[in-house]
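Okay, got some structures for you below.
There are two complexes below, and they share subunit A, which is joined by subunit B in the first and by subunit C in the second.
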Partner chain A sequence: MISLIQTLILGVLVGAVYALLASGLTLIFGVMRVINLAHGAFAILAAFLTYTLWSWLGLDPLLSIPIVTVAMFAVGWVVYQLAIRHVRGRHVSMTVLLTFGISLVLEGVMGFVWGNTSHSVRTDYTDASVQLGPFFLPEAQLIVAIVAVVVIGLLYLVLQRTWAGRAIRAASSNESGALLVGVSVSSVAALTFAIGTATLGAGGAMISVIYPFLPGSHDQWIARLLAIVVLGGLGSLPGAIVGALVIGVGEMLATSYIGASWPVAVPFLVIFVVLVLRPQGLMGTRLREDAVA
Partner chain B sequence: MRFTSALRGVATVAALATVGLGLAACTPDAPSGDGDGPIVIGTSLPLTGDFSEGGTNTQQGYEVWKAITNENGGLLGRQVDFKVYDDASDQNTVVSDYTQLIGQDGVDLVLGSQSSLLNIPASAIAEREGYLFICPSCGSGDMYNRGFTKIFFSQQSVAANQAKLFAEWIAALPEDERPATAAYPSLDDPFAGPVVDGAEAILSAAGVETVYKDVYPADTKNFDSIVAAVRDSGAEMVVQGAQFEDGVNFLRSMNRAGYQPDILFQSSSPTYGDQYLDGVGQENTEGVFFAASYTTQAATPGNEEFIAKYKELYDGAEPPEDAADGYAAAQVLQAAVEAVGSIDDQDALADWLHANSVDTILGTLSWNEDGSPKGDFLIGQWQGGVAQIVLPADVATSDEILRWRGGAL
Partner chain C sequence: MSGPAPAAAPDWRGRLTDPVLWRWITRALVLVAAVVLVLFPLSPSISAQNTVILALVFAISASGLNIITGYAGYLSLSQGAFLGIGAYTGAILARANPGVSPFVWAPVAGVVAAVVAALLGLVTYRSRGPSFVIITIAFTLLVQFVARQWTGLTNGSSGITLPLPDWPREWGNWPFHLVLVALLALSLLLSWWIRRTKFGTGLIAIREDEGKAGTIGINAPVYKLLAFGLSALLTGMAGSVYGYYLTFVDPSGMFAILLSVQIVLSVILGGRGTLFGPVLGAFIIQPLNSWANTIGGGGNVRLVLFGGLLVLLVLLLPSGILPSLQALLERIRTRGTVGLSGARLGAVGESPAVTTPRERPAVAAAPLLEVRGLAKSFGGNRAVDDCSFTVPEGSITALIGPNGSGKTTVFNLVSGTMTPDRGEILLGGEAIERLSPWSRAHRGIGRTFQITRLFKEMTVLENVVAPLRDFSPGQLGLGAVSGAEARRAEELLAFVGMSAYRDARAGSLSYGQQKLVELAQVLVLEPRLILLDEPAGGINPTLIERMGELIRELNRQGTTFLLVEHNMPFVLGLCDPIRVLARGAVIAEGGPEQIQHDPLVLDAYLGDDFLLEGESKTGAVPTVKGGRA
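Now for the complex of A and B:
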């Protein structure tokens, strides 16, 4: 029983990391119908920016989150204006190919700037854990869970309580209708992409603490993140959170009770089963194609 | 109608001409053979992707060798040059790269890629095309069971024997000092797995009980549950088959879980020098065992020159093991070419290597019929932030052998 509870604790904490990283990805798809394969590369870029602030200025990754978030917002805005806006609304294959290309360009740029060697940010809490009776809770992942709650909470507030958020939701549910009521859909799309990328300011900062990373690490993340947003329901922020927790717990349970070689396979099996029974994902919404303008 | 027919004819001729020109462009450049131009050595390396760490370091070793060789008059009186492709750590890409290098680019010689995963398919291309294939890192047993005659591994030992001296030393400890139980987590990799299996065979025969053994895939990021399982097994020793990131992540997870066995062996990650130090923190490296092909302190022929040139080219940094392995591979190639006196007869180069030994910065290397090396790896241990050699005793740079995180063993 102790082993099971420990596994569940670790799974929830891993799921928090995934939720933080997946929130921006599902937001981008939900509003723009863009499958952003560069999302993992943006996360690694944020990790490198965090590493640079830490190694040059000694800035703790937690304190660098606001700086990196602003930087990633700017990166997202620029990338959207230069590339994404030209293929928005086109066939999904174009956005997939374009964002895949962007991920490779980012990888090359990161390799040129920082080199293709592994980097790590080491802090007092990198290897520390909180002991609660027989259970250990990794401190870094506990912090991620708190950061995830804050970031996703802020994102929710923005979407629900601000005019920009209402515009984003309007454009997400009916682009033509949003246009008719005066929402600048193109500006909303740019804002959404930038916000989605900006959430990686926190996610990337925490990656830099928890895992070593190099420019090519992005491909290990994007597959997992895509699986999470599909499981949760494309475009559903609560779904991404639930999906992340399901995947995180699933991986840990698979490792502990089936074998260390199963954590990759079992979550995808779960996704397969869920999508067969519920194609829109756990919390997605079924839409008629002709209702989506 | 007549105009359309003429147009069609012109288009057909143009298409045929285009195809012809394309075929001509595809014709392999004639190799330079015993000409006057530079000797071109082709290689594909993982300069990006999961293995970019080792690939970049291996390329540095090749470049250092090229610089020194050209300064000393080149190879057979000709300057040497490299044609390098990035296989992005992908098996399919490395196959097409070597096909391109040999079939299209017509390079004179080839050197291997980095990692058994890439060299297994790459060597198949070289063998099919009749090229000598010396690989700096291909310790997997799967390299040497295919009946190939022109492959050579330029390190001291294959993967299954790389932890041999370490396991034999542990097995020889008095029973009350020898760990009673061991855990063997390993990366799913053709190199890492055999290292662990080889160690387990020796230790099991000595009575060390295996209480945990499992394989994790390459994209495993979180090791907390694996470490929790290892900790719960009660293992007094951990022998991990690791590449780099997985070794760092595993050690970090051990700290988080408060798990500190007396003996920790990791197959490759501790050989990454400063990157390993930065990744796990110096205090956590203390006492970590590893198998090593190279030490900067070795009094082997050319080692001082190699270190000096490496520092000159790479901002004063100490050469990592993969760079030394790359340099040694090039040394082996050089020895064969100079002994045979030609680059044209790949069979003669291979025959010479089968019959002779080569002095390299890793020591004297010689090979079995299948191209696998004869010899034993060095066993290292991090002590005081320095990677020391502890076994075999006659080349040890430290008299101490420590527990993990300090204290005499």
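Now for the complex of A and C:
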């Protein structure tokens, strides 16, 4: 029983990090119907930036979050202007191919810059843990989970309380309607893409602290993040949070009770089963796709 | 001399862009390429031979992928997995049967890959567009995972080593090469044949508009199942040869996502949906791949190369090399000429019955279509709410009502693009409300759409050939571009007066012309009941008149009509009886006379000044009391 609860706690802590990483992906899909397969590669890029700041300046990953966030915002903006902008409104499979191509380029470039070996950031809280009754909470996991919750909260506030946030939500629910009331949907899209990517500033820092990473790990990350947003319902932020917790706990359970290699398969199985049985996910809404047009 | 002679300048242009000339140039190029390809192992360079063998493997896979991506429009990143499944099947069988040439297992490998692919095709029953691409990525990685974990069968991550070739050394690569050339020839033949049949036209219909394809009798799930199976069949066979050639298969080599990316790149670069495009693409990409491997030691260079190519292709040349060349030629040829779409319509053909003659029933006919207590909600909005009405056999029945009263939803429920929450729909006494759109089409319901939904990239003729009257393997194999089906389609085009446009792209027609073609398309189904959604909407008065004539003529030949229309003079002159819909239910029904005077109808739809307006415009409608003068 104790070991089960321990597993669940670890799952929730991991799930919080997943939720943060997935929030940008689902936000981008919600507003512009683009499935950004480069999201995982962006996350790894953020982790490498954090790593570089740490190894050159000795900057603690948590302190580098603001810097990396700004950098990722810029990356998102530039990628949107150079590439994504040109395929808006084209067939979805084209946007998927485009972002997949971007992820491959990024993987290769990161390989040139940082090498294809495993990296990780070590801090004084890396191996520490907090004891809470009979349970052990790894300190690093605990800290990053708290940061994740804070950043998601901030994102939520931005979306709910600012004009830009309202514009983003408007464009997400009805693009032509938003156009009519004077929201410039194309600049909202650029902003969304940049904000979605900027959330990885914190996300990458977290990856660097709790997981070893290399350029090739973006595959595993994008698979996991896709599973999360597909499970929660593409485009739904609350859905992504629920999906992340489910996947986090699921992976931990699979590791403890089935075998260490099984978490790898969890995302693929989830994607498969969800898309076949309930394509709209847990909290997504089904679009009306009949002949009213 | 007839007519003013064109200036001399376009003359050489005309000759250079003559389609016949280009057909011969293409044939010559293909012939030369084929000869060079067959004899390539004469080349002294082993590395060049190696590149060509690998290019052949990718060309076969790309040609297969073209069937689902180019024809049916489903982008898949799992074609590499089928190559891998083929390779593994061959390797496992070869290991179990030492002493037998691994070539023997190629057909088995093909069948295994085809069966797995067909199962993946089942998945498309529920997911389209982006979800499907995601599924194919997950599928590839899942297969890789299985290959790693199922050690008993696959030897896990260590992979399987195959025996070395058992033929004399001086034969070199010839056996591999020739087997692959033969497989490529088969793939091209298969691809060519599919494109010429009704099956192929159906796949393209699915690509252009899957929802609409269902309403013209195309059983999309079965089509896709077949397409997926066929796309993997030769790929799996090529895979087993590929494994034998490499003499080693392992999970990270065979199920790498980059393998699938390379195949997708080949298809898109060469041109989706063209016969030779994928082959051309494969023969451009594979040398690049070999080059990246030698120069940069593979790895990162290859990633940047493939990723960069993918990005550039999507941004700069999304339609691929061959279609772009074709479009360029077409543009040069037609520069300065006037398109057909502005031409006047031909006269309505003297119509020797274009539909199978049916007995016209006695006057008080039994209903052909009966709708009972139909209901459909979208969220909280009850679009159709306890709606009941009948369409008598042999009638032209109208369904009228204000915007948002649920007319189009009723159409969608009857034609099967949606399923009702409650209620019954009977066609000739048979309950059809749970049937798929294509089964309803096969039972005799045809429909047109409010905004026409022709398959824009197909020619007019192909559009009219596409519908499937019933589902049988024989029907699927029928030729689409020649033979009885095409002749029948031409008759129908003549009937609606659109013969002159048979080879025009459907998307280039005017809106009204598209409505006529859509009607001809529906007629191929030989429907007992035709649902017309605003046949007179948005078209000019001459066309409205023609539309009315066509409907009357078809009705004389025994076809029953149900139409939704806002043009009241058109409805009143053509239809009897009329059903009036408001807030999702029928509030009144009867003949035109009766409806015009029904206070409920005047209140809900026509407005009480309708009759006065009607009088001043048509003069045909009798006056009544109660107008606001």
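One rule holds in what follows: the second predicted complex is superposed on the first by the 268 of 293 C-alpha atoms of A that agree within 3 Å, B and C clash if a C-alpha of one lies under 4 Å from a C-alpha of the other, contacts with A are read in each partner's own complex, and residues count from 1 in each chain.
The rule is short, and it goes like this: a residue touches a chain if its C-beta (ideal position, glycine included) is under 8 Å from a C-beta of that chain, and two chains touch if they have at least 3 such contacts.
Remember, predicted model here, so these are calculated numbers, not experimental data.
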Report for A:7: first if it touches subunit B alone, second if subunit C alone, otherwise both or neither.
-> first
Scan A:251 for contacts with subunit B and subunit C and give back first, second, both or neither.
-> first
Could you tell me if A:212 is touching subunit B, subunit C, both of them or neither one (first, second, both, neither)?
-> first
Identify the partner contact of A:187: answer first if only subunit B is touched, second if only subunit C is, both if each is, neither if none is.
-> neither
First, second, both or neither for A:111, with subunit B first and subunit C second = both
Could you say whether A:261 touches subunit B, subunit C, both of them, or neither, answering first, second, both or neither?
-> both
Give one of first, second, both or neither to describe whether A:128 is in contact with subunit B, with subunit C, with both, or with none.
-> first
Going through subunit A, the residues touched by subunit B and also by subunit C turn out to be 107-108, 111, 116, 219, 223, 261, 264
Complex interface listing, subunit B residues touching subunit A = 47-50, 52-53, 55-56, 88-89, 185, 188, 214-217, 219-222, 224-226, 228-229, 232, 244-245, 248-249, 252, 255-258, 272, 275, 278-279, 281, 284
Could you pull out which subunit A residues touch subunit C in their complex?
-> 33, 35, 83, 86-87, 90-98, 100-109, 111-112, 116, 219, 223, 226, 230, 234, 261, 264-265, 267-269, 271-272, 275-277, 279, 288-293
Would you mind writing out the residues of subunit C in touch with subunit A in their complex?
-> 75, 77, 123, 126-127, 129-131, 133-135, 137-139, 141-142, 145, 148-149, 211-212, 257-258, 261, 264, 268, 299-311, 314-315, 318, 378, 408-409, 411-412, 417-418, 449-451, 453, 533
Sort out for me which residues of subunit A touch subunit B in the complex.
-> 3, 6-7, 10-11, 14, 107-108, 111, 115-120, 122, 126-129, 131, 136, 138-139, 211-212, 214-216, 219-220, 223, 251-252, 255-256, 259-261, 263-264
